[in-house]
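So, here's a batch of structures to check.
In what comes next, chain A is part of two complexes: it sits with chain B in the first one and with chain C in the second one.
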Partner chain A sequence: MKKSDKKEKYQEVAYYPGCALEGSGHAYNRSTKALGEKLGLKLKEVDNWNCCGAMEVKNIDPKLQTYLSSRVMSTAANKMKMDVVMAPCNGCYHNLKKAEYDLENDQDSRDVVDRLSKKAGHETYQAGQVETIHALDWVKDTIGEEGLKERVKNSLEGIKIANYYGCMYTRPRHIFPEKDAGPGSESTSKPHFMDDLLDAAGAENVDFPLKTACCGGAHTLSDSDTSTRLVSNILQTAEAAGAEVIATECPTCHSGLEMHQIRAEKTLGIKTNVKIIYFTQLLGMALGLKPKKVGLHENVSDSFDFVKKKGLA
Partner chain B sequence: MPIHEKSLIRPENLKVQENIELEGIDVSGHWSTFIESRVVTDYNEAMEEEIAALPGGEFIHRCWQCGSCTNSCTVNAINADFNPRYWIYLIRTGMESELLRDKDIIWQCVSCNKCTYACPRDVVPEGVMKATAHWLELKGHTPKSHSTIFDEIFSEQVIETGKIEDGRTIRRYFKQTGQALRQPWLEEMVKRLLRNLPIGMLTRMGLANFITPKTAGWSGARDAIKEYVSEQEAHHRKVLGLDDLVKAAENEL
Partner chain C sequence: MELSEIGQRLDTLIAQPPAPEDAPELLSLGEKTLEHWVIAKGREPTDDLREGFRLLALHRQGADKDPSFNACRETCRELVYHYNLLTLPSEQGPSGQQARMMAMVANHLFLFISGKMETEQLGVFCCASKPLRETVDVKGNAH
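Let's turn to the complex of A and B:
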């Protein structure tokens, strides 16, 4: 698809916040909506949506997860007549993409989804009815770097940022056919969409080698010691790279980093001071939104003094 | 990148001669170390097929042992005993007793999918790890891991209501695994969270304790899913011959 077509197509999208954004990741929900409003982009929340299955349901049965995700896409396509679903949560985004891939390529998945949809009493989702995009695609393809530059009120100048994308945004590669597709597309080995946007808002992105490292989010509670070690590795590497802020684009990564930053301090004696802020919060503040408007008070890690010092409040 | 794997030779199989003299020359010490050979006779020929029948294990037969999975593995980087390549080898050759030596760590796969990304044969090693952990539990080799308990609590709530409320899931998980909710780090986290929260948000969070979020009109989906899940469970029990095992045990009693 041409860039200008995407710009047109993503002006109004079906918005799928998912469960995390109604709970621990509410700051991401608030800041995404505020950003959309500020940029004049329309979000129509998916009617009566359900959980995508997160990282847990697939361990009970992968096809059940495919069904859960397909129901969300079916509602967007058949009830709301939308052709784009935007999911800011990496888990939701990943699961919808995975369902799309499986429904396109696997007859067994199609059979299970069809059977469950019919019994549940709604139309079966057919592969290709909607396009699932991430909040990063949404901002990048509608407003883009040039558009952001024009709109910046409080430049992020002088803020050193490590961009952290986590696992689900790029892996496994085959469910993201639009990535690694030549110039301008997202890279699965070295993603850069968040870097591009924050750079346009004036930030200084540091060279961060753990962009797609794992925070242990799937076992954040069931194997906390492993998660704490993985997270402290990410936090310490970001600080070593000179970052003051880790920008996040996934509620599981975000709350995992915040939670295990505290846990690392309490159990391993590893104290780090790097701030953990959603990219939508950073962009929102750069566009002149107040910290509370982008839910900075809903983060566990306190970055009020920091953003004040940097002239964003 | 070279593949680094911890030595797979067991320490107890290393034989060092403390005092040995050969043709008048002293050859004692570690440089004359031998590895005791071992004989494996108890192959489990059904193991690969059984694991392949569980969700995630379908493509284990494609593996050609390149080691890309272990090389890219997140957990292997912090625990060298966590070795997907080796486990796939053991499963495919039927060396059950060897696999069981690592039974208590296989569930620790964090599903980061680096292995699936790196695998040149589309084995989906992440799925194989989940299937193997599941197999170990179904066969009674390990109790349900904390990960499985969490998955079950989570999935049960999704199936019942269509949605997840994270506070409730966390509380149920801590209760069911017998852990105290008052962990120092968790308390510190809540304290920091409360510092900046307005009353409205607190009320909303408080209400979530009493009002479970629900997807309206979910009952049709719930019933369809429950029927499907119990069918799948019955299928897995059949493939693994679990009902026969139970029957045989009962007859013995």
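Let's turn to the complex of A and C:
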């Protein structure tokens, strides 16, 4: 699809916040909506949406996860007549993409989804009815770097940022056919969409080698020590790379980084000062939105003094 | 080299801090870490090269039938990337910062694999892994 076609197509999208954005990731929900409003992009929340199946269902019954994700896409396509679903959470985004792939390629998955959809009393989702995109695609393809540059009121100049994408945004490659598709597309080995957008808002992106490294998010409760050690290494590496801020684009990664930053100090005696802020919060403030408007007060870690010092508040 | 010794050596190198000359050792520590994972899965670590690196061949072997192991694929590739930065001729020459980053990446690979072995109950790291112990037990029982 041409970039100009995407620009048109993504102006109004079905918005699938997912469970995390209703709870621990509410700051991401708030800032995504505020950013969309500021940029003139319309979000129509998916009616009566359900959990995408997350890791828990997928590990026990992958086809049930496919069904759960397909129901979200079915509602968007058949009930709301939308052709794009935007999911800001890496887990939701990944699961909807996986469901799309399974329904395209696996007859058993199609059969299970059809049976459960009939039982639940809604139309069965057919592969290709909607396109699932991430919040990064949404901003990048509608407004883009040039559009952001024109709109920046409070430049992020002087802020050194390590962009952290987590491991689910690009993995596994085969469920993201639009990535690694030549110039302008996202890379699965070295993603750059967040870097591009924050650079356009004036930030200085540091060379961060762990941008897709695992943060141990899946084991944050079952094996907290492993998660703390992994997160602590990510935070220390970001600081060693010169970053003052880690920009995030996933609620699970974000809350994991925040909580294990505190836990690392308590259990390992390792203190790091790098701030953890959603990219939607950074872009929102760059466009002139107040910190509270983008939910900075809902983050676990306190970044108010930092953003004030940097002229964003 | 036991897994715990790899962790201790990485801690030492990071604290020094690491120098560009440490690049071969850091790459080797990455390989040794992956060997533990492969052995824990009951396989013989490969000596093959992939794209010129045993590290990448070992990662591929470790990810066989276990796609979740690909969560460290890019970490392995970053390790190779930094090794190349530090060892291939360049106008700027290698820097201490690049060596530091390579050590942090090697440490992440170590933390990921040691954590994964723990959560999958693949064994105590200072001795043989669970599958290997089970194999030994089965053989022992047979006698």
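Brief remarks follow.
Here, the second predicted complex is superposed on the first by the 313 of 313 C-alpha atoms of A that agree within 3 Å, B and C clash if a C-alpha of one lies under 4 Å from a C-alpha of the other, contacts with A are read in each partner's own complex, and residues count from 1 in each chain.
Following the convention adopted for this analysis, contacts are C-beta pairs under 8 Å (C-beta built on N, C-alpha and C of every residue); 3 or more make two chains touch, one makes a residue touch a chain.
Source: prediction; values computed, not measured.
Clashing of chain B with chain C is the outcome of superposition onto chain A. Look at A:237: by the touch rule set out above, it reaches chain C but stays clear of chain B.
Of the two partner chains, neither chain B nor chain C is touched by A:44. Contact with chain B, but none with chain C, is seen for A:68 once the two complexes are overlaid on the shared chain. Of the two partner chains, chain C is the only one that A:210 touches; chain B does not reach it. By the document's definition of touching, both partners, chain B and chain C, reach A:171. With both complexes superposed, B is the one of chain B and chain C in contact with more chain A residues.
Touch criterion not met for A:309: it reaches neither chain B nor chain C. Contact with neither chain B nor chain C is seen for A:3 once the two complexes are overlaid on the shared chain. After superposition on chain A, the chain C segment that clashes with chain B is 115-123; the remaining candidates among 7-15, 97-105 or 115-123 show no clashing C-alpha atoms.
Chain A residues 167, 171-172, 213-214, 216, 219, 222-223, 226-227, 229-230 lie at the interface with chain B in one structure and with chain C in the other.
Interface residues of chain A facing chain C in the complex, by the touch rule stated above, are 167, 171-172, 189-190, 207, 209-210, 212-214, 216, 219, 222-223, 226-227, 229-230, 233-234, 236-237, 240-241. Chain contact summary for the complex, chain A toward chain B: residues 19-20, 22-24, 26, 48-51, 53-64, 67-68, 71, 112, 115-116, 119-122, 167-168, 170-173, 188, 213-214, 216-219, 221-223, 226-227, 229-230, 258-259, 262-263, 265-267, 296-302, 304. By the touch rule above, chain B contacts chain A in their complex via residues 55-56, 74-75, 78, 108, 110-114, 116-117, 124, 127, 130, 134, 145-152, 154-155, 158, 162-167, 170, 173-174, 177, 184-185, 188-189, 192-193, 195-198, 201, 208, 213, 215-218, 220-221, 223-225, 227-229, 232. Contact residues on chain C toward chain A in their complex (touch as defined above): 67, 70-75, 77-78, 81-82, 100-101, 104-105, 107-108, 111-112, 114-116, 118-119.
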